[in-house]
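Letters A, B and C mark the chains in the order given here, with residues in each chain numbered from 1 onward.
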Amino acid sequence: MEGFLSALLLQSGYNAALVGIGAALLGIAAGGTGTFIFLRKRSLVSDAAAHATLPGICLAFMAMVAFGGDGRNLTGLMIGSAASAAVALVLVDWISRETRLPEDAAIGAVLSVFFGFGIVLMTVIQTMTSGRQAGLESFLLGSTAGMLFNEAVTIAIAGAVAGLLLLLLHRRMTLVAFDPEFAATTGVDVRSTDLATMGLVLVVTVIGLKVVGLVLIVAMLIIPAVAARFWTERVDRLVAIAAVIGGVSGYTGAAASAAYPNVPTGAIIVLISFGLFAVSLAFAPVRGVVASLYRHVRFQRQVHLRQGLLAVARGEPIFDGLTLKVLRFFGHIRADGVATLSGRAAAAKALRDEARWEVARETHQEDMSVARFDGLTAIEKVFTPDEIAELDRRIGDRIGVVA
Amino acid sequence: MGADFVQFSLTPMLIGTLAALACALPGNFLLLRRQALIGDAISHVVLPGIVVAFLITGTVAAWPMMLGASLAAIVAVLLIETIKRLGRIDAGAAMGVVFTAMFAGGVLLLEQSDTSSVHLDVEHALYGNLESLIWLEAEGWGSLFDWAALSQMPPQVVRLAVVLGVVAGFIFVFWNALKISTFDEGFALSLGIRARLLGFGLVVVTAIAAVAAFDAVGSIIVIAMFICPPAAARLMTDDLGRQVAWSAAFALASAVFGYVFAGYGPLWFGAAGSVSAAGMIATVSGLILATACLFGPKRKRIGAAREA
Amino acid sequence: MRNALQGSIGIVARNGETALAADLSNLPLLIDGLTVSYGEKPAIFSIDASFAAGRMIAIVGPNGAGKSTLIKAALGIVPRLSGTVRVFGQPIEQVRGRMAYVPQRASVDWDFPARVVDVVMMGLYRTLGFLRFAGTKERSTALACLDRVGMADFAERQIGQLSGGQQQRVFLARALAQDADLYLLDEPLAGVDAATERTIMDVLKSLKTEGRTVICVHHDLSTVERYFDDVLLINVRKIAEGPVASTFTDRNLQKTYGGRLAGAHIEQLRLPVE
């Protein structure tokens, strides 16, 4: 535990501290970027990009070896991975537009074929230069142990750059994500904004290769955004919350990986972010399950209460069990089903409100507030007392209209 | 093409072909229902399922692992549905959350447990080891009729044959209902078709195929088999029956040519050794799809693209 | 809750027969206190409605009034929050063979690999059962239904190549193949050409002549009088139901559509104004 705490406080050594900061920056950039592809409902495109980095990594390795250099130079590998991922994204786009195949098929096809080809190349490297490819397999799941100092710096800088780009572009990306057609009419170039978003996805993916590996970088793009969704309905807050969740997961995950043995960095970061997601799903007040359940039950009771009171007022028999329970609960009927005094009063009010709404619909024809009549909003919340008095007067004027 | 072939190439090719077919058949319906990526999700969760089974049973025997993988797949599907409903999250994002988290869980469990005595590494899970499924006890084509030799065949052959039978049977029995509910779910429900249950059944069948094929070609490449042959077939015809037939043909071609290129290709290029058969099968299926995208008779979209 | 008295009086008035003939339990469709909600806004709230046999009934209301939801709830396709639905006096699941549904065109994937005749044969699903595939008998039934809607020549055409009106005719042919007693159509005339509209209405009228019941969600107020016997006006709640002559009035329309129908517009429809 002390190991974990000291790692959290950046006291576990230079390397661990750098990895921690790098992972945090990666998490922030990934969480923020991921929000935009989530809003466009294209989350899994990042899975295609991530898996498609493999052939690029292998080809870059082979090229660097062929030119006599060290095949494992991180920058070279990152460039290679970005190139093949970019090709993959172009192909996904082409297939979705030029053929009748839907986008999810394009994503899956590109993902698996590129990855398969990458595996072929990996085995080629295996036969060519036996043992030397051991470094490449680490890109599948990431490996921060034994990370070189300059590698950590590269990652941290790239993460910061991605974060900066996100800050600069986020307003345009928000507009396009929210309503691309409207954005186009206001002069925002939708296509280039989408390209910029995809470019950011690429940058984040490539950075994440070393830290969490290509299989799991997708998680850092998707999970924080989905978790954030439960907390807010506003896009700017969504991006911020997702970035925070991503950053926290990255930081604490890296610390845990440094402190405990046999804890792979990528896996623990993803699991922490999933934990945050689960908490959000359950308890977030705006869209969380507990809150929704509560609202649903309350709504159902309101519906049954209203219907029950109207039935009581009209003298109709009630058979529905839930309706009877609700009426009993509020003391509107006795245990034997006979209406109490308060019950009859409430029923009469419900009936009168029905009549008032009917009149209101005719007299307030252009009024949007009447459109809000969903059978459950109290009339006192929509009309002032003197307006209600006017409705009552009209009811009184009408002959034999009370429902 | 004598004893050598039967010993070293026949069973891997057969297993590869059976796996490809078992995946391509349900893939046709997944494609039409815009559920192509459920194969992606299921393939990723196979790993944690196997790890849990290993931790519980302490062995790497086939049946517990397959059971673990199947249960993991079903858990994943249920979680995905739950997240979609409860959060009103789109399918892709829900899948992304569930399968990455489960995969991460599998990786962590694997690292934490003592697997030094057992060969269970993540890379193998990702891309399999088809080349190793050889039939050393065979002595030639005659061994196909020799009961003793047959019982020494890699068990994946029979396993995949059975799974293929189950998959094909499901599609055959429910052909009409699958067709209608994929085309027009509301109408299907009005006919009394249990469309939701059928959809779940399709996913279960998909999971079974993925789990069985996983052993041969690894989890990630299973996705290629779910998507590429049916997608290529879709671009060849406008008749559902013919599409399924085309997808089977493409799956067969991918498996056979993929294996051959993997084994003999490097030799043709003057290099020694072979490359990953599973990877090559995926690559070949991709090339077939690419050809269909460029030249398939029905490749053009007719109307506007439908929103996801 | 159902106002039983009101319901039976309505039916007696329609059929012009004495009270005993109005056996509520055998109505093609009887809806009682039906509420359906997506999330927390009710799409339809506490709707009571009864539909008599051998009639053409229009369901009319503004956008978002819940007309499609009502039909889907009647078919048991969406879950109910409260209320009951009885088809020919029985729960929906037991009489599916007597109901036919024509959904909105937009709800379907027209890029699906199927020909026109394949889609019509889907209507024969219930007659096939398990393990039987559509054969020559089903094909000839399908072709006969296509002929009734004037699409016999298009049988082998790919459905994605059809125009909107042609697609609608194919849907109708599919429903004809079901040989049902109660037909529920969701905006069958939306976005179709004039010829298709005539053809569809002719077919629906012939169904009525055969004693079947036709219920349509209808979008075009100016043709309600011409095409339908009865009308149900809803806007989340039921506003009015009954024969067109007495129910499709200026007053009821204003109640249904709120401020969206100006008085002048209503006059254009030449309705009896109260």
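We adopt the following convention: a residue touches a chain if its C-beta (ideal position, glycine included) is under 8 Å from a C-beta of that chain, and two chains touch if they have at least 3 such contacts.
All figures in this text were calculated on a predicted structure; none of them were measured in a lab.
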Strictly by the touch rule at the top, which chains does chain B share as contacts with chain C?
A
Farthest CA centroid from chain B: chain C
Quick check: which two chains are joined by the most contacting C-beta pairs?
A-B
Chain whose Cα centroid lies nearest the overall Cα centroid
A
Separation of mean Cα positions, chain C and chain B [Å, integer]
44
Chain centre separation (chain A, chain B; CA means) in Å:
29
Taking each chain's centre as the mean position of its Cα atoms, how many Å separate chain A from chain C?
39
Where chain B touches two or more other chains at once, by residue number
234, 301-302, 306
Could you tell me which residues belong to chain C and also touch two or more other chains?
111
Touching at least 2 other chains, the residues of chain A are 100
Residues of chain C that touch chain A when the two form their complex
1-4, 33, 35, 37, 40-42, 45-46, 81-82, 111, 236-237, 251, 254-255, 258-259
Which residues of chain A touch chain B in the complex?
38, 41-44, 46-47, 51, 95-105, 107-109, 111-120, 122-124, 127-128, 137, 140-141, 215-216, 218-219, 221-223, 225-226, 229-230, 262-264, 266-268, 270-271, 274, 277, 281, 287, 289, 292
Which chain B residues qualify as touching chain A in the complex?
31, 34-37, 39-40, 44, 83, 86-90, 92-97, 100-101, 103-105, 107-108, 111-112, 122-123, 126-127, 220-221, 223-224, 226-228, 231, 234-235, 262, 266, 271-276, 278-283, 285-286, 289, 293, 296, 298-302, 305-306, 308
Help me check something: in the complex, which residues belonging to chain C touch chain B?
72, 75-77, 93, 96, 99-101, 103, 107-115, 118-119, 122, 125-126, 128, 130-131, 133-134, 158, 160-161, 174
Listed in rising order, the residues of chain B that touch chain C in the complex are 32, 172-173, 175-177, 179-180, 182-184, 186-187, 189-193, 234, 237-240, 243, 301-303, 306
